[in-house]
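Both of the next two complexes hold chain A, though its partner changes from chain B to chain C.
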Partner chain A sequence: MFRNQYDTDVTTWSPAGRLFQVEYAMEAVKQGSAAIGLRSKTHVVLACVNKSTSELSSHQKKIFKVDDHIGVAIAGLTADGRVLSRYLRNECINYSYTYESPLPIGRLVVQLADKAQVCTQRSWKRPYGVGLLVGGLDESGAHLYYNCPSGNYFEYEAFAIGSRSQAAKTYLERKFETFKDSSRDNLIKDALFALRETLQGEKLTSSVCTIAVVGVGEAFQILNQETVQGLINEFEIVGEEPPPADEAAPPEQGSGAESGSSAAEQGAAPMDI
Partner chain B sequence: MINLIGSESDSQRTLYPYVTGTSVVGIKYKDGILLAADMGGSYGSTLRYKTVERLKKVGKHSIIGASGEISDFQEIMRNLDELILYDNMWDDGNSLGPKEVHNYLTRMMYNRRNKFNPLWNSLVLGGVKNGQKYLGTVSMIGVHYEDNHVATGFGNHLARPLLRNEWHADMTFEEGVKLLEKCMRVLLYRDRSAVNKLQIAKITEEGVTITQPYALKTFWNFSAFLNPTAGAEGSW
Partner chain C sequence: MTKQHANWSPYDINGGTVVAIAGADYCVIAADTRMSTGYSILTRDYSKIIQLADKSVMASSGFQADVRALQKVLEARHLIYQHQHNKQMSCPAMAQLLSNTLYFKRFFPYYAFNVLGGLDSEGKGCVFTYDAVGSYERVGYSSQGSGSTLITPYLDNQLKSPSPLLLPAKDAVTPLSESEAIDLVKTCFVSATERDIYTGDKLEIVILNASGKRRDYMELRKD
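Showing the complex of A and B:
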């Protein structure tokens, strides 16, 4: 996209005060398939689109359990995501071993962010090309964080990353105020609706998505395919307009948001955060 | 030949303690935890130091009592104070509770034991967090457990039988103190390293209080004391 003389090295500033390698790493996140997270006071739901490259192959794993009380969904270079998940699991296990207590998610994300920052300040390294939506619990309840390749992290009520995430974000922005006191099942339903937005008219079935939940009193688990398909069927029947037998539900709001997002994604926009 | 026992040279390993504290006794009661310990620091058989504080607070939610080598206890306190400091510096609403501190201590003691260079202490760790009471103990070899009442050293032999008979759940503060004083009095009579100057530490959800030092009333005119060898002529 950009081509200039300041983008070879992560340790080279541009005259405008930008680190292009870091920005390019964030581009990698935008190109990955969508991942969505939302939270209530007591639960966090992570959802992602799981498209396989061909019919012959399996899908890439994009949601990882980090501990009983923490899970992550990734978008971008999944290999980098796997390595970071291993780091997160290690940190949690070491803390549990020393203190017999779960590592508070707020402290884990800071450690992760500091690890990512190191890669933005060493000439022999490159930034991690993956964005992580980290959902989990600590003493004050359920939290959702987004960690970027730049080493920044933010807490969110709801967020979406990856390709066509703007469509999901628009849906989430409309509804996020209801999430705080939402029940676990409604939260999952909202996640599925948001996910459907990113598919732009393609049919939402459990074979293209993965859903995971963690909550107070509920250990992190990835829901199995039948459960997810059941939930999809449930809301498509009770949902907006589509007839019960025909499951092709093209949402009008989906296509409307799509044209809006394509306009925003062109042009030299720096950090998406 | 490389020294296989211990990672440092022999002169650096702990071989025996020098200045030691004797028993610590702890119980759970209605509002939290009570610990008792005297203020003696013995140098072998000499009762050398008489104002050693063996009960200390650890952060907002815990108190610790130590018996054994006093200098090792001071080292442990340096570590714990640093741990609590870094925990507070996160400033994020999360804090290390008594369970976490107890487990951290266990790891510390056990790791030193594995290097044949122990911290020569038996520790009692008690606290309250979010209404949950916690009372545990760790020894110099890393043996650790929790219970409603614990003791170290001679306290294991003299105090725990009394606690087993007389402890019950939800004792009031006055009942708790009375029971601890009974244990400490028996220890004073029978443990030669005990001194008659003790402190009691209390921790509840509200916070920590450690009493000013005070002494127990004793009675030495029991008939059994007047003629101690009446039942075993010739012994002393």
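Showing the complex of A and C:
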């Protein structure tokens, strides 16, 4: 009711004890295209939807390598995300230089959160309009964190941010208990399924998404398009029963399957909602 | 009134020798593993060689604390480069970076005598040789450190192209094969070990070629 009286700058409280500018910044995150993260004991998978403004332009980069053992996926103002990624990279490089060992992700997210908090308490600044899913390793294994514009951060088993992320969250909430002991490949498959939920019927192909993995013994890397398309094809086929001992059939089945429409086939894909 | 002088020096000399030879499609970088101070040996097993990028390997003699500090700076700078350019630094690019880094401390130098070896963007071997403040040049072969005065004349004899002993020498990449170059390097160090007290113990050889990186060791005299 009183929003527009107390929302002019970030250093003004509302009578209800809210900082509207910070909340508006969180709104910017919700408007960005979806980003998803999930983790097992040993791996973290980050996935995001790559929507470009027109067919002529390139996709915005939404997943960044921060160090060999840490990566981030962003949603919201991608420019803010790029700048924060540069900060995260710098912190990791400086820590490695001083201590000759990798910066534990738990420390990094606190530093990031503190940096975001500063912008909520200066009249000449504005909050960062980006949410970051930070995935990485420390001595106790794999971790996934979510950093908000407010300066808060939380650890998650799995999370989704950005537009239509609720659909992905519903899927993740159903399945997250299996993630802890999941294999790397199953974790990636679950990320792809969750990602598909946010597309609401649109076909999932490797050209609209980006997947990245980091794990114990595996440095952070963004998977290339062919690998991703191969994995997409693989799980689409899973919904159909392969013909008996016929090697040639799978490619034909792959081209015949449309996303999510395999309910008619036998051995229904468990992902249909 | 004579000028006051410090009663300590920020530098120490840890000795040792480094050599690099560039071939048509390979590069050999070698260094002994002895670390000394004064007339004592600190350790017989210290590596002076570091891989900075896929195709760049640096070997440095001089003051090893400064060498290590220099290595760390270059490693950090390479990480930044990779984040910005999404690729590894080429050897010539690393060579320029090393020169700039050294000159940055022109008035309190890194006491490091460096040799940078690797493969250029065409896959040919390249060697860059430096002084302590960053003056550098691409050459076909080079030696730095306490044994360099013993090794360089021998390499000149073996590798410098015959007629340009008269003209400004064009010591381009050697026509030697990889195994011939390795044998040459071993010979250099065995000879240097005989007469230079700071060179010996063990020889570490790194070979860079199209298939990647290889490391070899050879025992040297320990006296």
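The rule is simple: the second predicted complex is superposed on the first by the 236 of 273 C-alpha atoms of A that agree within 3 Å, B and C clash if a C-alpha of one lies under 4 Å from a C-alpha of the other, contacts with A are read in each partner's own complex, and residues count from 1 in each chain.
By our rule, contacts are C-beta pairs under 8 Å (C-beta built on N, C-alpha and C of every residue); 3 or more make two chains touch, one makes a residue touch a chain.
Quantities reported herein were computed from a predicted structural model and do not represent experimental measurements.
Novice: First (chain B), second (chain C), both or neither: which does A:Q117 touch?
Specialist: neither
Novice: With the two structures laid over each other on chain A, which partner does A:Q60 touch: chain B (first), chain C (second), both, or neither?
Specialist: Neither partner.
Novice: Who does A:N233 touch here: chain B (first), chain C (second), both, or neither?
Specialist: neither
Novice: Go through the superposed model and pick first if A:G106 touches only chain B, second if only chain C, both, or neither.
Specialist: first
Novice: Which of the two partners, first being chain B and second being chain C, lies in contact with A:S140: first, second, both, or neither?
Specialist: First partner only, chain B.
Novice: Where does A:T78 make contact in the superposed view: on chain B (first), on chain C (second), on both, or on neither?
Specialist: neither
Novice: Take the contacts of chain A with chain B and those with chain C, and give the residues found in both.
Specialist: Common interface on chain A, chain B vs chain C: 97, 100.
Novice: Considering only the defined contacts, which chain B positions touch chain A in the complex?
Specialist: Chain B residues touching chain A: 90, 92-97, 99-100, 102-104, 107.
Novice: Please give the residue numbers of chain A that touch chain B in the complex, ascending.
Specialist: 97-101, 104, 106-107, 138-140
Novice: Could you list, by residue number, the parts of chain A that touch chain C in their complex?
Specialist: Residues 65, 86, 89, 93-94, 96-97, 100 of chain A touch chain C in their complex.
Novice: Can you list the chain C residues touching chain A in their complex?
Specialist: 72-73, 75-76, 79-80, 83
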